[in-house]
Amino acid sequence: MSRGTSVRLQNLTKRFGRVVAVRDLDLEVNPGELVAFLGPSGCGKTTTLLMIAGIYRPTAGHVYFGDRRVDPLHPRDRDVGMVFQSYALYPHLTLFENIAFPLRLKRVPGEEVKRRVKATAELLGIGGILERRPAQVSGGQQQRAALARALVKEPQVLLLDEPLSNLDAQIRLSARAEIRRLQRELGVTAILVTHDQAEALAMADRVAVFSMGELQQYATPEELYHRPKNTFVAGFVGSPPMNLIEGEFTGDGFRSGELRLPLRQAPLGRGWLGVRPEHLRIAGEGHPARVLVVEPLGREAIVIVELFGHRLQILVAEGEKPAPDAEVRVAFPARALHYFDANGRRIGPE
Amino acid sequence: MPLLPRNWPLWLVVLFLITLPIGAGILWLVLTALYNQVHGLVPMGKLAPQNWRFLFEGSVGGRPSIWVALKNSAVFAAAVATLEVLIASMAAYAISRMKFPLRTPYLGMILTLHAFPAVSLLIAIYYILRLLGLFDTLIGVILVKASLDLPLGIWLMKGFFDQLSWDMEMAALVDGASRWTVFWRVALPLVRPGILALGTFALLSAWGEFILPFTFIVSAKSWTLALYMQSFMKEAFVDYGLMAAVGLFYALPVFLLFLFGQRYLLNIYSGGVKG
Amino acid sequence: MRRYLTPFLFLGPASLLILLFFFTPVVATLLLSFTDLATTTFRHPSWVGLANYRDLFADPFLKKILANTARYVGLTLAFNVGMGLLLALVTSLVPENWGDPFRALWLLPRILPPVVYVFIWQGMLAEAPMGLVSDLLGVSKNWLVETPWVAVILANGFVGASFGMLIFTSAIRAIPRELFYAAAVDGATTLQTIRRVVIPMLAWPILFVTAYQTLSLLTSFEYILLLTDGGPGFYGTEVWSLHAYHLALSNYFGNVEFGLGAAMAAVLVVIGVVVSLFYLKIFNFRALVTEPKIEV
């Protein structure tokens, strides 16, 4: 099957009445890449996807597939395949006819339709249930059928709108790997919309984090984790989220109320200090704190402590968890700290 | 009600009593059609096949054959139902699922017309049909009937289209369909209950329609069953047996639907169809 | 505008028919009402201004027709709403498998062809031996002539009652069951439950049915036309809408007075437009409009 095209969004803006859903978005997806659009609901990620599909018309800006400008085109002229959260299978048609639908619309000859539907269905492991209707198969099988329908016309771009969120937890993990494998094999450019950061980080080559209609950061999963561009990304990526303490940088340290931390290369002025729960340690030395809550997660536990009036989350190994109400000492790591200015923009270190 | 009163059989008796006139009326029609003579609800004498002579004689008292009227009624009802379902579905689909300028006022107009009493327009419509050269034609009456029931049909179908999933339609567009294809191949099959409801309602309403053909049709060759039957009412001597038989014949499809589709009828008429 | 071509194509046929048979007739009714169009002047009608309206109000029989109309609308409406309410309540007080057939039975008058339905009434009210009423009362008379108003109101009422019945039934079904349980726990009898729980919840549906049927009764005349044709005698049961129809389309005297009939119809049209616009306002129409999610 053909290798995918690149997708380029240029100054893309979408307004609904007075509400701005997507603002001035610039973003490029490389051919064959899988990119995740990540963000809370209402952040503009699905709106962007629907503009790429051609369901919504951009208020301003353009969409390019390779060198071809597609934003004035009808969805059918864009050569995209799409999987919806609800799967959107046609309930009055069998799985076979569902998958064949895009080919029938292109007036592909009957024999070829049969061959291609069969092949795609085999690829997804649903070759044996093609005569059933959507209501007669499981959620996992519906999801595969939806994927088959999106892939059968060999699109240049595959759009996935929360394709896994209606699946049971166990199937979801295997489906993640399955989609990733298929996408690599077919070499199709794919865009995945999700609100689940674990899914985005696990599946995507690059992740675009959205909030309130604006692109916050567009980077590899590693980069997002280690160098979040602002406090929103810092708080959204990672579970449990990064601790953020508001205070003042003094050039050689950080100050917030009674908390004082000596830092190398610290900036100057008001801002935020960020530290991930997994990087804080409960140790013999450090700042005095009181344990408020202990949430066991199995292999690990989240400990919520109060430290000079700040609530911090700390991730500890199961065996090392303190008792509730205990007085402990919390050590900040020398590395793995994040500095943000008063507007939440990353200012260091480096 | 969720809790049945202990004395519900008593209420059943009340219900039976207030419904008695309807039952008596139907029984009266059937008996009068079947027997030579009926005193109240007591049949006298023998079965009277001569009441049904209109089926075999080419013409009763100079009227056209009942089969001509039957054919006209069938054509009228079928054409009205088809037109109404088709045109109402198309308009309802656009109102429910498409963006266009003045969409909200358009919907408001439909709703206003739905409440508007269309019979008050008959006089002007008479004039318009004459101007269009459609007076005294079946086509003219079909168009008028389908049009006057259109706001109701659009309103009903809009409710059904509103419930369709947007994802499904988006999927069809991405799969390569135009809006027109989506309408025919995805949306229409999925609102089949609505089509059946509106279709049944339109068929029943057109089958019984009296005023429009009465006003806009003159020639006996275009008579519907309503006009055929009504022509007997004007006579000085009323042959009750014959008329009851014609009436029973005319109302037979309605009775069959009532006998076999009660639940279905209740659902349709509870679904916002106007009275 | 090109992007709106598709919706306009979808709306085309409906818009054309609505334009042709709703909008044009509304305007035509008003225009005709200012002319002297009649059988004698069909070729050369001329504008007469408000003459038709002046004639209308000068008509010595206007009072009688107004009184007839008020009586017809008022009493039929009372029967419709009252009977509808009674039926909805009583069919809800018996098990569902009894309630539904009775509800369906009450639909029959509405779905029977009006000609057949009216014929049944005529037959039942006729002289003995055919007439059931004569038979039961032991007095052989044509009761349609003796008591025309009873016949007109009952014949219309049996058709109209099912409208209220269906609306009230769905309203009763929409009442949360907990309210009934709570009433039962509080020791309410069936009648108390109806009065204190059910009826208050039906206030809005009752208003709706009353408003809706007032307008449709005011303009409907099909069953009267078939049953008495405005008789017996001179204007015995002639109501406004029927009179307009008679004047314009089937005049006793052979000279169809189109303009005058149109003037009477115009009054109804104006009432119809005003009242249905008013409904639009009170029944919160905006809530029914949602934005489409597809923009192609």
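To keep things simple, chains are lettered A, B and C as they appear, and every chain counts its residues starting from 1.
By our rule, contacts are C-beta pairs under 8 Å (C-beta built on N, C-alpha and C of every residue); 3 or more make two chains touch, one makes a residue touch a chain.
On a predicted model such as this, the values are computed, not experimentally measured, just so you know.
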| item | value |
| --- | --- |
| Pairwise touch network: line, ring, star, complete, or other | complete |
| Chain pair, B-C or A-C, that carries the greater number of C-beta contacts | B-C |
| Chain occupying the middle, per Cα centroid | B |
| Chain centre separation in whole Å, for subunit B relative to subunit A (CA means) | 55 |
| Geometric centre distance via CA averages, subunit C-subunit B, whole Å | 16 |
| Averaged-CA centre spacing for the pair subunit C and subunit A, given as whole angstrom | 59 |
| For subunit A, residues contacting two or more additional chains | 54-55, 74-75 |
| Contacts with 2+ other chains: residues of subunit C | 291, 293-296 |
| Residues of subunit B touching at least two other chains | 170, 173, 178 |
| Subunit C residues touching subunit A - in the complex, by the definition given at the top | 291, 293-296 |
| Touching residues (chain side subunit B, partner subunit C) in the complex | 1-5, 7-9, 11-12, 14-15, 18-19, 21-26, 28-29, 32, 37-41, 44, 86-88, 90-91, 93-101, 103-104, 106-109, 111-128, 143-144, 146-148, 150-151, 154, 162, 166, 169-170, 173, 178-180, 183, 204, 207-208, 210-211, 215, 225-226, 229-230, 233, 238, 240, 243-244, 247-248, 250-251, 254, 257-258, 262-263, 265-266, 269-270, 274-275 |
| Residues of subunit C touching subunit B in the complex | 4, 6-11, 13-15, 17-18, 20-22, 24-26, 28-29, 32, 83, 86-87, 90-95, 98, 100-116, 118-124, 126, 128-132, 135-136, 154, 158-160, 162-163, 166, 169-170, 172, 177, 180-181, 184, 190, 193, 198, 212-213, 215-216, 218-222, 225-226, 241, 244-245, 248-249, 258, 261-262, 265, 268-269, 272-273, 275-277, 279-280, 285-286, 288-296 |
| Subunit B residues within the subunit A interface of the complex | 165, 167-168, 170-178, 181, 186, 189-190 |
| Footprint of subunit B on subunit A - complex, ascending | 50, 53-55, 74-76, 80-82, 84-92, 101-102, 105-106, 146, 149-150, 153, 159 |
